[in-house]
Amino acid sequence: MEKQITQQGQLRIALRNCGMLDPENIAESIARDAYQALGKVLKELSPQECINILKQSGLRGRGGAGFPTGLKWEIASKSQSDQKYVVCNADEGDPGAFMDRSILEGDPHSVLEAMAICGYCIGADKGLIYIRAEYPLAIKRLRIAIDQAMEDGLLGKNILGSGFNFEIKLRYGAGAFVCGEETALIHSMEGKRGEPTNKPPFPATSGFMKKPTNVNNVETFANIAPIILKGPDWFSSIGTKNSKGTKVFALAGKINNVGLIEVPMGTSLREIIYEIGGGIKEDKKFKAVQTGGPSGGCLTEKHLDTPIDYENLIEAGSMMGSGGMIVMDENDCMVSVAKFYLDFIVGESCGKCTPCRVGNKRLYEILEKITQGKGVMKDLEKLKNLSYIIKDTALCGLGQTSPNPVLSTLENFYDEYYEHVVEKKCRAGHCKNLFHYVINEELCVGCAACKRCCPVHAITGDKRMPHYIDSNICIRCGECIEKCSFDAISIQLEPKILV
Amino acid sequence: MVPKLMCDDDMVDIYSVPSGDKDSLKVTIKLSKEKIETINRICASFENNPEELINVLHETQNTLGYLPAEVQEIIAHNLKISSAHVYGVVTFYSYFTMVPKGDYPISVCMGTACYVRGAEKILEELKKELKIGIGETTPDQRFSISCLRCVGACGLAPVLMVGEKVYGSVSPDDVKKILNEYREDNEDCKCQQL
Amino acid sequence: MTRIKSLDELKNKRDELKSALSLLDDPDNPDRKVQIKVAMATCGIASGARSIKDFLTAELSKRNIPSVVTQTGCMGYCYAEPTIEVKLPGREAVIFGYVDRIKADEIIEKYIKKGELTEGVIPRNYSTID
Amino acid sequence: MEMIELSIDNKLVSVQKGTTILKAARKVGIDIPTLCHMELHNMSIENKPGSCRVCVVEVDGRRNLAPACVTEVAPGMVVNTHTARVLNARKTIVELLISDHPYDCLVCAKSGNCELQSIAHKFGIRRIHFKGEKSTYRKDTSPSIIRDVDKCIMCRRCEMICNEVQTVGALSAVNRGFISVVAPAFEMDLEHSPCTYCGQCVSVCPTGALTEVDSTHKVLLSLMDKSKTVIVQTAPSVRAALGEEFGLPPGTLVTGKMVAALRRMGFDYVFDTDFAADLTIMEEGTELLGRLRAHLAGESNAKLPILTSCCPGWVNFLEYNFPDLLHIPSTAKSPQQMFGAIAKTYFADQIGVKRQDLVVVSMMPCLAKKYECQRDEFKVNGNPDVDFSMTTRELADFIKQSNIDFLNLPDEEFDNPLGESTGAGVIFGNTGGVIEAACRTAYELYTGKKLETIEFENLRGTEGIRSAKLDFDGLTLNIGIAHGLSNARRLLGDVRAGKSNYHAIEIMACTGGCIAGGGQPYHHGNSEILRKRRDAIYSEDKGKIIRKSHENPYILKLYKDFLGQACGHKSHELLHTVYHDKSNNEVTIHHD
């Protein structure tokens, strides 16, 4: 597999201007080539020529599924209609991903310019940015950028004397993860409940207000201008066979250098975590990295040297998603992590289709049962079967990928599930019903500090005599451990004695 | 869900929504005239376009603080859509609230990065400190707690927001300190606009 | 600003702005300036970048150092916020992390005035396309 | 049209481009099970959110299973509808639905008619492998409809009917995820919503989430009460559908058996709402002619077009949505209420029974009738003209509970004097029927000539909005007909905008008219049933000797002995009503 890694590993294309310029001052953007690509396209290229450049470049959607961008534009350009729309999906929803916010806050003109190029290519004169209301700063900077670009004639009527018109408006999300899905996003922009509908029809033929609509995400748009200016061959020389260019990842979790990075496709997890990310926090043992958000899965040690691209991640049971990477260490319980994601999905499911509405709720309940130490082996079977059926039958991308965290943890961390179910043990010491606090009689001096702070009076003992914690009463709040000055209280992972 | 009425002094009188055209639905609503006019103005600024419902709801919630049933009725009337539709939309999106939030709404990020860095503990501490649960407001109307999915400040995990101000790398011990900033009537500490 | 009416106008405009910037950076130019960028995306602001920017602006002018302090987006070093980039005329830009007021003061006194590197320099670990 | 060839379960099928897999499969006799999908052919009513996922099938080359109801065919597609993968998924989906559904089939009002129940039975589901939280909501009882949305499976049929077909807008999906449900605004009771009680939501609900208020017990108590005289009236559409509940083919008229059954159940007199329908025509027809004459005389305030007022769902809709047009409908009460008013005065006097000792029960194809008979306008000193209104479905159950072998009953005749009716009264059950009946009478009264052909074929049909020009001996009468409230809204919008040139408009809330009312036996999406009911109504009319209301001898006698003249003083007191602006609907807040 061909790879082109720059000396330090990172190569910034989408993030080229982030941290380089003042996003609230268009002059700084212009000084760094903003709108040059738009000018070139309008003056020198036909829409189809421009689409061909994108097709040659091999750019694929950075929002998750990785659909070839040039092809997407071409389909929209071929739809016949009096009105078409360009939509920028800035409803960055994957928890742990923040590249879209960073691009919009740091380099809004890269997105505006690319939307205008897209408008020219598909024959649209209106653009809409669907942005999360939770991003007030990004909204503010986008508004400033749009105003400044309008004032300079880089958006609006007769752009750069070409006769091409393009205007951009903002639509706000309102806290619904499912609106990251194209059809749901479109319904939301139309003032409706953000429920997805069956595809086809695809937005490219019938989207916003039933008109052909091209939806791309922020990072995808941020890649457009450099491809136009530097050429498709330059872009396709970066990355792997089927995944060209770079990908922005948001490194978070138990990693030293939390931050935003951009690396060529094909970079390995090891390089990302240990070289760029500076290794695991407090030198703990690496356990897993979660990619692709709630739709993705966990990659483990055995995947550390896999070159990251769309296909390899899917093969490994995860997906590219928007590029969140959350690093987990030995203190993270993988059953609980799966439960965390299911909790998220249950809260964010739109409720339209049965498998997602009821199925995910049932998955969550089984996981909860397991983390409470009430699981039986049959539950693991049930988890797996139900997960496959949800994947097979759910209506939209959110539902079809929602069991991925369960399946990938089941696949990679089966022994942890087994321990929870059979040995009633949580090796990470995370599941409250599966560990208990004990007082070391030799270290305890009977100061009663723990007894006084216990909110449920689970601790008994006479003064200056070793104390005792009743596990059946204890709620595992951990107050006593903090209060004990003699390190006499510790966590015991062995199953508690059931009374 | 029990939609609440506006506070007492708002209920100046019962006014009817002025019927601009013939197919207007007359709705009698317990809201002050000023508030009705504010809502009408917001709707008009979006040309009473039903497509803009979500933007209208945002703007109205920003102005009034929350979206009680009466307010939704007026919006439905102006945009010529059913109030069931408006309510369906309001309850779909977690950003919209039908109960007033506190003067200092606190949102705890429950994104994955924050989760693995102990957001649950922060939330527990907040609940303990304020003696209220998620989605609730303190009796003095000062604080309310809600959970947010990722705010995209994962580098600072765990994160909480008071209004629009983001606090990063919060430890359970910090919770009290942060709350104290707002407990005293310290004008300087009011939510900074980004 | 007036409307830009053609690609050529846009190119000219870009070149003007670029040369103005390089003039600022020219050590031989009497009007050269120290250029400081403060990373002010959500993470930066939440970590106190705004007060650092205000502090630097005020202090540099008090200490009579010709400078421009501007805001910028995320530099990617979320773990080290607030981060700033300092560019002395004619020299490579240097990024400092974990900048509080004490650190900022130290940067002015040691690096900007004397050119001595302080602790907290973040090695730039990426290349961009230009 | 481009044809597409594909294979379904190894059978080659050729269908038009744009056809769904579901329809293509049905063409070759493969019946893929569905829950949320429902289509009423020729009525342009289709619900296909693709949400229940019961209809999934395996398509070669596709990563996941395809929902047959929304997936269009493609050339060379290879579809398998019953592989292990498909059956397993389908069964699990149904299990999931049931896992969030009360297990009270034995006592559910929908038992035996529930689509979820029959699909569970069909799939041989014997155990639910998933146990967990069930969603629970407050039960909501309105005068007509009971919402028990614990049983809601989010098929969204009711939401579609209420918003798209009826444009009532009382219902919407609310909340999201596991707790999402279909409800009125602010999850208030239906009573405080703009619901018209047309009952179309009930008629399409696949489960027991939406059902009617059951009056059987109250009627039974009245029947048992020796001090009461209990009389019953039956609406025209009931006789055309009741047989379905006893296994007879749709469209079988069971008038005689129905009368016999009611008599055996203990009703003291069995009367016919058709009699009151004839009375309605006398009043409404006279009113039409009066307004028409005023118009022809050049009176500027002649209130035209006149709107029919016999459909209570439509009246509710008008009162909510068109408060500015309340002056144009006919003031004539509906047949149900005219019957009650006459029964509790004229008839009560005749048999020497006091008003409060006479109980009037109506058998109706309708849910709004339950609400209508409770309206204050139709009460005298708190005593309603019609005490109880039951649906065709309730009547069928009541007959069964009374141990009556319905199929072997002899045919019997209605009692007199309120049981005699004409063909005009019968056709009230179909869309276009009321206006046709009115025209039969108005023509003869206006022109003084006999009608040559009694059937006005140009008023019949199934189009949502129809218009016809009738020649009244030189005077051209413009007639409009709308059924389904969205069509009514369109017509009324034109009237409001002054763009309408109709003289008279008939409006029915339910698509198809009363034969498809909310209280009729469930059609389960089979529009053929509705067509047969419609034909039955017209054939009953054809079989009648008297087919014009003004020739009904008992009607003539009623006017002669009691009412005086149509639209006269006594008529106005007993047979006409007023309408109220209901749009001024204060928001009521509920605290549980």
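Order as written gives the chain letters A, B, C and D; numbering starts at 1 within each chain.
As a working rule, a contact is a pair of C-beta atoms (placed from the backbone, for glycine too) under 8 Å apart; a residue touches a chain by one contact, two chains touch by 3 or more.
Computed from a predicted model, the values in this text were never measured in an experiment.
A.B. asks: Show which chains lie in contact with chain A and also with chain C.
C.D. replies: For chain A paired with chain C, the chains in contact with each are B, in label order.
A.B. asks: Higher C-beta contact count, A-D or B-C?
C.D. replies: A-D
A.B. asks: Need the most distant chain from chain D, centre defined as the mean of C-alpha atoms.
C.D. replies: Relative to chain D, the chain whose C-alpha centre sits farthest away is C.
A.B. asks: How many Å are there between the centre of chain A and the centre of chain D, using C-alpha atoms for each centre?
C.D. replies: Here the centre of chain D sits 50 Å away from the centre of chain A.
A.B. asks: Which integer distance in Å separates the CA centroid of chain B from that of chain C?
C.D. replies: Centre-to-centre distance between chain B and chain C: 38 Å.
A.B. asks: Between chain C and chain D, what distance separates the C-alpha centroids? Give it in angstrom.
C.D. replies: So the centroids are 74 Å from each other.
A.B. asks: Chain B to chain D: how many Å between their CA centres?
C.D. replies: 43
A.B. asks: Can you list the residues of chain B that touch 2 or more other chains?
C.D. replies: 85, 88, 92, 151-155, 194
A.B. asks: Residue numbers in chain D touching 2 or more other chains?
C.D. replies: 173, 175-176
A.B. asks: Where in chain A do residues touch two or more other chains at once?
C.D. replies: Within chain A, residues 101-102, 135, 137, 176, 193, 258-260, 348, 350 contact more than one other chain.
A.B. asks: Sort the chain contact graph into one of these: line, ring, star, complete or other.
C.D. replies: Looks like something else, not a line, ring, star or complete graph.
A.B. asks: On the basis of the stated criterion, which chains touch which? Give every pair.
C.D. replies: Listed by label, chains in contact pair as A-B, A-C, A-D, B-C, B-D.
A.B. asks: State the interface residues of chain A toward chain C in the complex, per the touch definition above.
C.D. replies: 6-13, 15-28, 30-33, 35-36, 39-40, 42-43, 101-103, 105-107, 135, 137-138, 151-154, 160-161, 226, 230, 256-262, 276
A.B. asks: Using the touch definition from the top, list the residues of chain C that touch chain A in their complex.
C.D. replies: Within the complex, chain C touches chain A at residues 1, 3-7, 9-11, 13-14, 17-18, 21, 37, 39, 41-42, 45, 70-79, 85, 124-130.
A.B. asks: If we count contacts the way the header does, which residues on chain B are in touch with chain D in the complex?
C.D. replies: Touch list, chain B to chain D: 1-5, 16, 22-23, 25-30, 69-70, 72-73, 76, 81-88, 91-92.
A.B. asks: Spell out the residues on chain A that touch chain D in their complex, using ranges where they run on.
C.D. replies: These residues of chain A touch chain D: 176, 193, 195, 197-198, 200, 346-355, 357-359, 361-362, 365, 382, 385-386, 389, 391-395, 400.
A.B. asks: In the complex formed with chain B, which residues of chain C make contact?
C.D. replies: Answer in residue numbers: 42-43, 45-47, 50, 78-79, 81.
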